[in-house]
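The following pair of complexes shares a single chain, chain A, combined with chain B in the former and chain C in the latter.
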Partner chain A sequence: MKAFSLSLKNLIRKPGRTAMLSLLTAFLALSVFGGSVIVLSLRAGLQSLEARLGADIILVPSEAQSRISFQNMLLQGTSGAFYMDASVMDKAMDVPGVEKAAPQTFLASLKADCCSVKIQVIGIDPSRDFTVQPWIARSLTGALGDMDVVVGCKVEAGIGEIIRIYEQRCKVVARLEPTGTGLDTAVYCNMDTMNTLLAAAEAKGVSHKISSGDDSVVSAVYIKVRDGYDIDTVNTALTGKLRKVTAVRTRSMITGVSDSLAGISRTVTIMIVVIWALAFMILFLAYILIVRERSREFAVLRLIGASRNMLGRMALIESAICGLIGGFTGIGLASIGVFAFSALIESSLGLPYLIPDISTILLLAAGTMMLSIVVSALASAFAAWRLSRVNPGTALREGC
Partner chain B sequence: MLLRADNISKTFFRNTDNSNYFFAVTPLNLEIPPETVTVLMGRSGSGKTTLLNMLSGILQPSEGKVWMDNTDLYSLTDMELSRLRNERLGVIPQARSAVDSLTVRENILLPAKLYGKPVPAKEAGYWMKEFEIDHLANAMPKELSGGELRRMAIVRAILQNPDVLLADEPTGDLDDENTDKVLSALYALAHQENKAVFMVTHENDALKYADRILRMEKGQIFPFEK
Partner chain C sequence: MNRKIVPGCIMFILSLIIAIGSTTFLRPCVHDDGSVGACWWAGKALLGLGCLLAVLSVLTILSERARFGIYLSGTAVSLLGILTPGTIISLCSMSSMRCRAVMQPAMIILFAAAGLVSLTGMFFCAKP
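Here is the complex of A and B:
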């Protein structure tokens, strides 16, 4: 019976002790794996948002709530509908330094009989768009036809299905990859389709009219600044030239999200460190207490010829196996939490949240597992050393 | 000559009114030859167990040397000394000595399995039957009485097939019938298999089986006078 099989028997036949030690390690693994997945998901969400916005400046109506509505729509998927005169786009193109300007028009569907799902509809102009089209092109090979829609990954409609928006039948032609932002709950269509939907919404009493009474409206204009021009200067020029319009630097919006993310990352990291320090200490003390309980057993082994090396190895193998069981349990529990309740985490944090790909998750799980085993073995190292130096005569006589 | 103690002594640190040291064993010489049952008697605290532990290779003497043939036990590395304990020295300790997570059979076969040696299954069956613990082969130590645990430790030491068998009160928890069985088994091992048996005991019955009787007093050994 070599050290490994003896260790295994000890663990199996002392289930209470094994469960207690494994559970402590499970807390370590749970905090590291769960916390890391949350932080990585937030980072991936931020990167995705940055890539998806794809513009340097976004023009929105300067109504008090427009900017907030726009940000909420992007981050949390809340419905937003605000409009401004479509001529804003041509005026923006006249500002020096503006290379491209792409309009988007928003319409929120209703949770009513006329609409099969409650969603945000975004109309784009395929001939001008430079922000959404590259993403759509990944899922859709042809052009976006009239009454065709591309849906975000969280919209419950499959390709080929018909969804009704204000009694208008729209065909789903593609689904977008997840972004971890509010854009996952949006539906994209071309401007002709959007105009049809706006008219249908008008008929249902959902007005998109602006004070000038002009029917040709847009909700936002995405601006790409020409190389060599300072974005802030162009931003100031746009603000000066366009009345009732706010020019938002996308970087400032990202910075806000990034600051929140940094705060959350810091909190999660501190939590992980505190949990680890506490659990390590408890684990260390638990192993020290076990020394007393197991002195007699190790004394017997020593008496019949086990070397110090063999006993130390046995104690370390046992703790490493507890680490393995604990790591596996902790990762399992954390996975249930972070994957099954990802929507809840996303909505409660109010930040872009994109779960990393499977290879990153597996790598993280393997790292956490390794860490659990190493930490468990480290916490028991002193106890293992003490046990390997048990004096058989004293331990057997006194049972200590 | 098999096991020999050369001028060994053991001193422990202990705070008393007179001194900071307690001399458990004062310098003494002892030979434990093969084919002999040596019985050591003496009052509690006279140093018997300390002497046995030093002879077993688990307690380094403060001074002097313990020789196994021509090998100084305490000059060996821990690995070498452990291996020697496993192969040439069988110890029956005074206290309860079972690994609680193993069954009786696993405990008995543990010395062989520890170094991956062939398991003496047939001999194990014989000795377990001889000492009437064969029906407890799959029981856990906590289910056993003191006497059964004692017999288990004796079988384990015998199965190590050691050259020297050191027993500390081997009949302590046993009834008369089992005491007789154990003592005659140890006697047979010495005389039929050329083993050296060294036994620390208070049991007067042991004297019948002794080839040599020693008395220990205040850390010194003397010939026993009946």
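Here is the complex of A and C:
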């Protein structure tokens, strides 16, 4: 008579009870796995944002909406278009401590007959850029030609495909890797292409408050501070020297996101702890009641030769199997929710969101499974101990 | 309750969620300028498939002789429903848009569940 085979038969014979116990464990696994994937994705998104920004300071027009628009563009992928005089770049380079300055020009397309898709177009100067080029270089060998575009991973356009922006045909030459930021919905081009698109937008009656073909405007300037200089000091100097321009420390943007992430992480952790505490208590009581209800069954087993230890092991094995089934179910349900609806979760949170790689997810799943089995077994430990103390005679006589 | 009609009942509930959802909480994108994209037609197709699935599930409850064949049809309709958004009928170009973020994954999951339920019904009908 083997404990494992007997336990398995017990579980199969009572499918309703097995299902209920597994369901409780499934809630535990679902909360741990789902919550952990979300928190890890937010952390990966934050790291990606930090790496993607590349610059120490970003100069944007001082209009109140510009900074908000720029932040929303980075975090949520909302379109934005604002401009300032390009001479800002040369003035910025004169400030002590500024090592590099790279301009970017933004243009928002429309979802209309003129355009295949509503996207954020970002024009870069390949000769000066140091933030986007390293990312583009991973996907594109060679220079970014005129009317060629590089698209973010969320733009559904394949390499070689033509997309229309203000009736201008642009060829997709590369797709960027996911970053988890709003820039996944952007399209990158060189400045000549951007000037063509700006002129086309003007011709369509979409005013961006600039002259068509005017290459003396930029939307943002990314600043790299020279080693040995204090970033805050350079930031202050830039703010003092440049009129109608706001200098944004990228660190402050990242700190804001980091604080939001910490808040969400704390909330998720508290929820997981509460769910686990409740479920553990319910499982604990459930196993005690089950053992009490089955005391006659176990008494008969004792009479036909089962040892006290075997009865205890049976209870633990049954709970471990329920934990295993519940773990699989919970991880499966959480996976469907978190991965299938990742785009919805990302847009709801409004924070950088990048799903971890497959090895991390598998490790997380394995850890969650182990935790489910261990917690399920622990919940039944007291009941198993009581079971090993069952007096067959008393149990059969009293039926309790 | 006869276990052969339980899958039909579950399929009916799923088909109602699909049909109602395709026009409400699982609807496709609505553009700012009031125009409709390809995803709108995908939504209409899913509404039709949901209604068809509802009719088939009612027939599995009412008809005893053709039950296996109706479940088989339900499986085929479910497969069509999985392929409709994004494969047979294209959706919007941005993966953050409603049709791709909400409608497509939800409908695939619902039709996959309906397909599994249909297969279960076929299994129960095939057993003596």
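As a working rule, the second predicted complex is superposed on the first by the 393 of 400 C-alpha atoms of A that agree within 3 Å, B and C clash if a C-alpha of one lies under 4 Å from a C-alpha of the other, contacts with A are read in each partner's own complex, and residues count from 1 in each chain.
Everything below uses one rule, namely that contacts are C-beta pairs under 8 Å (C-beta built on N, C-alpha and C of every residue); 3 or more make two chains touch, one makes a residue touch a chain.
Because the structure is predicted, anything quoted here is derived from the model rather than measured.
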- [ ] Assess the superposed three-chain arrangement around chain A: do chain B and chain C clash, or do they fit?
- [x] fit
Open item on the list: Quick check for you: in the superposed arrangement, does A:252 touch first (chain B), second (chain C), both or neither?
Closed with: neither
- [ ] Could you let me know whether more residues of chain A are touched by chain B or by chain C?
- [x] B
Open item on the list: Taking the superposition on A as described, I'd like to know which of chain B and chain C A:267 touches: first, second, both or neither.
Closed with: neither
Task: Which of chain B and chain C A:392 touches, first, second, both or neither - done: first
- [ ] State whether A:297 touches chain B only (first), chain C only (second), both chains, or neither.
- [x] first
Open item on the list: After the superposition on A, what does A:185 contact: first (chain B), second (chain C), both or neither?
Closed with: second
Open item on the list: Contacts for A:306 in the overlay, against chain B (first) and chain C (second): which applies, first, second, both or neither?
Closed with: first
Open item on the list: Is A:157 touching anything from chain B or chain C once the two structures are fitted on A? First, second, both or neither.
Closed with: second
Open item on the list: Students often get this wrong, so check: with C-alpha centres, what angle lies at chain A between chain B and chain C, to the nearest 10 degrees?
Closed with: 70
Open item on the list: After the superposition on A, what does A:340 contact: first (chain B), second (chain C), both or neither?
Closed with: second
Open item on the list: Rounded to whole Å, what minimum CA distance do you find between chain B and chain C in the overlaid structures?
Closed with: 19
Open item on the list: Which stretch or stretches of chain A touch chain B in the complex?
Closed with: 1-2, 6, 9-10, 13-14, 296-297, 299-310, 391-393, 396-397, 399
Open item on the list: Taking the touch rule as given, give the residues of chain C at its contact with chain A in the complex, in rising order.
Closed with: 31-33, 35, 92-96, 100-102, 105-106, 108-109
TODO: In the complex, go through chain B and note every residue touching chain A.
DONE: 49-50, 53, 56, 58-59, 78-79, 82-87, 91, 93-102, 106, 109-111, 113-116, 140, 156, 160
Open item on the list: Which stretch or stretches of chain A touch chain C in the complex?
Closed with: 77, 111-112, 116-119, 154-157, 185, 336, 340-341, 343-344, 346-347
